[in-house]
Amino acid sequence: MARISYRKAVNQALDQEMTRDASVILMGIDVGGGSGGSGDVGSVGGVMGVTKGLYPKYGPNRVIDTPISESAIIGAAAGAAVTGMRPVAELMFVDFIGVCLDQIYNQAAKFRYMFGGKARTPLVIRTMGGAGMRAGAQHSQNLHPILTMIPGLKVVMPSNPYDAKGLLIRAIRDDDPVVFLESKALYDMKGEVPEEAYEIPFGEANFLRDGGDATIVAFGAMVPRAMQAADRLAKDGIRVTVIDPRTTSPLDEEAILDSVDETGRLVVVDESPPRCSLAADVAALVASQAFDALKAPVGMVTCPHTPVPFAPNLEDAYMPSAEKIEAAVRKTL
Amino acid sequence: MARISYRKAVNQALDQEMTRDASVILMGIDVGGGSGGSGDVGSVGGVMGVTKGLYPKYGPNRVIDTPISESAIIGAAAGAAVTGMRPVAELMFVDFIGVCLDQIYNQAAKFRYMFGGKARTPLVIRTMGGAGMRAGAQHSQNLHPILTMIPGLKVVMPSNPYDAKGLLIRAIRDDDPVVFLESKALYDMKGEVPEEAYEIPFGEANFLRDGGDATIVAFGAMVPRAMQAADRLAKDGIRVTVIDPRTTSPLDEEAILDSVDETGRLVVVDESPPRCSLAADVAALVASQAFDALKAPVGMVTCPHTPVPFAPNLEDAYMPSAEKIEAAVRKTL
Amino acid sequence: MQLSRDELKRAYTSMYAIRAFEERVEKEFADGTIPGFAHVYLGQEASGVGVCFDLTDEDQIGSTHRGHGHCIAKGCEIEGMFLEIMGRDGGICGGKGGSMHIADMDKGMLGANAIVGGSPPIAVGAALTQKLRGTDRVAVAFSGDGASNQGTTLEAMNMAVILKVPMIFVFENNGYGEFTASEYSVGAPSLSDRAAAFGMPAQCVDGGDFFAVHAAMREALAHVRAGKGPYTLETRCSRFLGHFVGDPQKYRSPEELAQARANDPIQRFRDKVTTAALLDISELDEIEQQIRARVEAAAAAARAAPMPALETLETDVYVTY
Amino acid sequence: MQLSRDELKRAYTSMYAIRAFEERVEKEFADGTIPGFAHVYLGQEASGVGVCFDLTDEDQIGSTHRGHGHCIAKGCEIEGMFLEIMGRDGGICGGKGGSMHIADMDKGMLGANAIVGGSPPIAVGAALTQKLRGTDRVAVAFSGDGASNQGTTLEAMNMAVILKVPMIFVFENNGYGEFTASEYSVGAPSLSDRAAAFGMPAQCVDGGDFFAVHAAMREALAHVRAGKGPYTLETRCSRFLGHFVGDPQKYRSPEELAQARANDPIQRFRDKVTTAALLDISELDEIEQQIRARVEAAAAAARAAPMPALETLETDVYVTY
């Protein structure tokens, strides 16, 4: 099996699905890149190079450069989806949902329910989130809690190349609107990824490690950090279970509850400010449905209730780290 | 003391603050109403009549009708605030934040932090939320979790006329951006309200009832329902504490934790879908910080993970009711 | 272009169906049988019908909060509409949508929309589908004068131009967005000129005149079907009632209100076809009678219909979850 | 209008400061001393300086992700800017903002903005403050050609017109939004014509010519200060580098890249003032030397400066909480 990057895994999923199904189209700002310019059109392939090579292969009708008009991008993708296409719209940074959220949560996500089950909106919104790139307060957020709370939407947070490919293929084949939240901190992460297409189902957590002393639940870019913490703890003989739910909506509640039933201790790691976070969401799930198994206060490792700071030392301090996760686990013991 | 409606209490707060401070201005769609028309300009005073009478009194420079351009409304209010005015912008229904969220969360709420503490943005965004009016999926949401999670923003949810007036006066005098989320279901609720201006501080919960058997935390329009549930329980000799935090950010964590320390049982009532909700937020707070006091699983009474349905019977079933709250409390006993 | 007698009858049937439906909505609302708000289309019938007259079920429209007229003009059944608006089982959307969210995919009706400016981006996407599939179908986005100031609408215009999609922006300028006059809220001297500056042809027509709207729409359709990109049509309409049923409209002078009624598109249609001896009065009256009867029956049936089953509260959020 | 020798020197100082600052940023970025992204203003100096030349500290500007030039033109100190861009203690924003969020309230600089289309609505509000206070101050919103398609920008234009606020929309059309040409992304034949259709006067000028920009800006200021409402200025600029430092720009032909440099606003200013014998070459060279020295020193000091104290992570989120 080839070792490829998370970036490449996403690219491969898009490529294979576009080949398989002519109704899959990409649209977004510079997903091709260079439209209207005097040079090489399609040379860019997204600001992070994720869609590179697809414009040359599939052309301007299937890899559509758009103006900087996110409401029109997402809205048009929703409109194309509900009339039979399978658009993959790129929202360059998830930080930009503020200019197009209506089309996501009041339109695409609600069509089916509002219309009594008669609409089908196979829309994927690819976007990227997360801090650590020194990109400042408006380009470093994750915002998955805002997305997770929206009924009608599915939300995916892949934490490694293998999952990125399989979950994206699943997302494209899914008949509901899906937000596929890539982690910009993970684009260069490498891992083994099968060449052929495969699907990873939604709502099925990945158990990365088994251990009876405590359960760590982590999402997206926090998963590798949780694993680091698990390694450190293992050196002291503390064995933890590490769960990556992979999709935040649907959430594999059973996996989490079952694990806490065994370990009695829970730490949730969430790269977002604490209020109404996914950390709170999972903590509340356990406090309401696995309370009797709980032996210690639930631990939550989140960012502080502040915007993301620019200065590297502040940004590092802002994020959940392996150290903080380790300390939180120790506190539950 | 006069008994006035929640609607009138909001109106009175605006009126008194506008008289006191010339830098307080209102802006929004039809806050005056009738601009450019052939009839009586300022005759409307907001789609719910909340700002009625203010246009005739303060004129078009201080009660500013705007186009249907929420990003421009909120952005202009933020820009006016950061340059010295104290605008109260109306976002007619909170459901519309999807077309202007960027100006709220990436701009107004982040100015101060991003600019190293040098900006001051005394902006109030008045908006209304909540189901029960048969207004359908796009006019019935609350969306306070999205607002509560935003660092830099304060969020107020008044549950009665007295609080509405005192909290709005506080919001207008506050130097930070505040979202003042009115409950459309409560506009006709009457209560005693002093004629003179007064402030209710943020982050100080209101204890509506004391009882040692369990703690109910409820927000906005759910507070009267929690009180109904408390009444029903009282008939069986079950005494509950009912806490209305009044502001969701800042949240009076101490009040909640202290109460749970005494009662050992918690039910949170939140009119929103369950995921990443305020119910989850409070439940997680308690599960992490008052775990040792907890004697039973935390109860959460929320709406289901669905859009708000239109049909009256479905909408009624959608909302947390006194019955559901009562049942949730009994489950913790 | 001369319309046949059958076509004229079809146009009148559609316009009058809207009239009778909305008058019934007004009455039912007053009687308390319609929950929530109701924004009726009275006075704007010629606009919706003129625009939709040459569209098929495969052409798509995106609508607004004032969408009943668009639904009927696009072929939705009034029986299902009454059920929906009253929140009953069997409504077009199972009672879950309501007045502001009626959609009928089979009729190419992509939904009323309670978000001002919600539909134009969606319609761009519907048009994109047609372009990519190489059909000669089109998409239409209805917006009001008020909606013309929403950023989503303005973005959609530019996007439609650059993607060259077969789409028509219809701005029904009835002079008001809620209680604010377009005179005040639209900075530009003309809505259609502002649209034209986005790089597409635009026309402004008398929205009270079915024939004018229909003729302009034919030009628009010819343009977009030829692959020349989008087109804008502004129809100047009169809103008979207030923003919603029950609005006292103090912001409009009595003279203006009287003037709005004087411009009645139904009466103008009648006058035109009877003066030109294209249809007899008796034919028109017969159409009216049939429609009145159907509307009565549909409303009565809806009033008597059961509410949706409680189990449906949590269904159809997702295809799978 | 003829500028004095001192004014010409001030203009050149400002333009050259941007040039030297940005070239230094390019270098520091390559050296790894600037974290994150850097979008430099090289090639657009005449636009920012021409626009800001007659503004005072009480006039306000809203800027973009490409904001360094606007900051300097508006009077921000380059020492604080280097500290900020490197994320150091003592930066204009305490190191918390970074390149895309520099603001300086004392200078009427309301902030760079990393959200495309973020500033125009805010600038409408700043202008509203001036209108309500009855001052003769103005607000300027800088946007790029790409930002001209964002709904927030378009809404702000209409809003500014109807509120008649003293505001100038400056569209710096450098031909590209990231990697996409405005030729493609702007459906309208001209940005300024599109702006004009919103109901305000608009001009398009050569953004490489300080004198042209400045003259147009004087007209714009006269208009808005007379209470006649907003104004739009499109400045056609050349972007020397790519979207960000490090962009290989394969989407631009070598000829186009060469052409961009050929249109160098600094050189054109030098040529103009020396040909007309308004300033001596030696005077210009002296200005350059002084600025180079100051930039060197400021960059060195910033490199040597400490990071912000960790305690500041959680401060200044609120005034009170």
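All chains are identified by letter, namely A, B, C and D, in their written order; residue positions are counted from 1 within each chain.
Simple rule for what comes next: a contact is a pair of C-beta atoms (placed from the backbone, for glycine too) under 8 Å apart; a residue touches a chain by one contact, two chains touch by 3 or more.
What you see is a predicted model; the values in this text were computed from it and never measured.
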* Structure fact -> In contact with subunit B as well as subunit D, sorted by label, we have A, C
* Once you find the CA centre of subunit A and the CA centre of subunit C, what distance in Å lies between them? -> 39
* Asked: Roughly how far is subunit A from subunit D, going centre to centre by Cα mean, in whole Å?
  -> 35
* Distance from the CA centroid of subunit A to that of subunit B, rounded to the nearest Å? -> 30
* To do: Indicate the residues of subunit A shared as contacts by at least two other chains.
  => 66-67, 69, 71-72, 95-96, 98-99, 102-103, 106, 113-114, 136-138, 151-152, 304-307, 309
* Structure fact -> Multi-chain touching residues of subunit D, meaning two or more other chains, are 93, 95-97, 101, 113, 115, 118, 149-152, 155, 158-159, 162, 184-186, 317
* To do: Answer with line, ring, star, complete or other to describe the graph linking chains that touch.
  => complete
* To do: Over in the complex, which subunit D residues touch subunit C? Could you list them?
  => 149-155, 157-162, 184-189, 193-194, 196-200
* Asked: How about subunit D: which of its residues touch subunit A in the complex?
  -> 35-37, 87-88, 93, 95-101, 113-118, 146-147, 149-152, 176-186, 249-253, 255-256, 307-308, 310, 312-314, 317
* **subunit C-touching residues of subunit B, taken from the complex the two chains share** => 29-30, 33-41, 43-44, 47, 65-72, 95-96, 98-99, 133-139, 304-307, 309-314, 317-318
* Structure fact -> Within their complex, subunit A touches subunit B through residues 71, 95-106, 109-110, 113-114, 136-138, 145-146, 148-152, 249, 251, 272-273, 275-281, 283-289, 291-292, 294, 296-300, 304-307, 309
* Structure fact -> Listed in rising order, subunit A residues that touch subunit C in their complex are 25, 61-62, 64, 66-67, 69, 71-85, 87, 102-103, 106-107, 111-120, 151-152, 154, 174-176, 203, 250
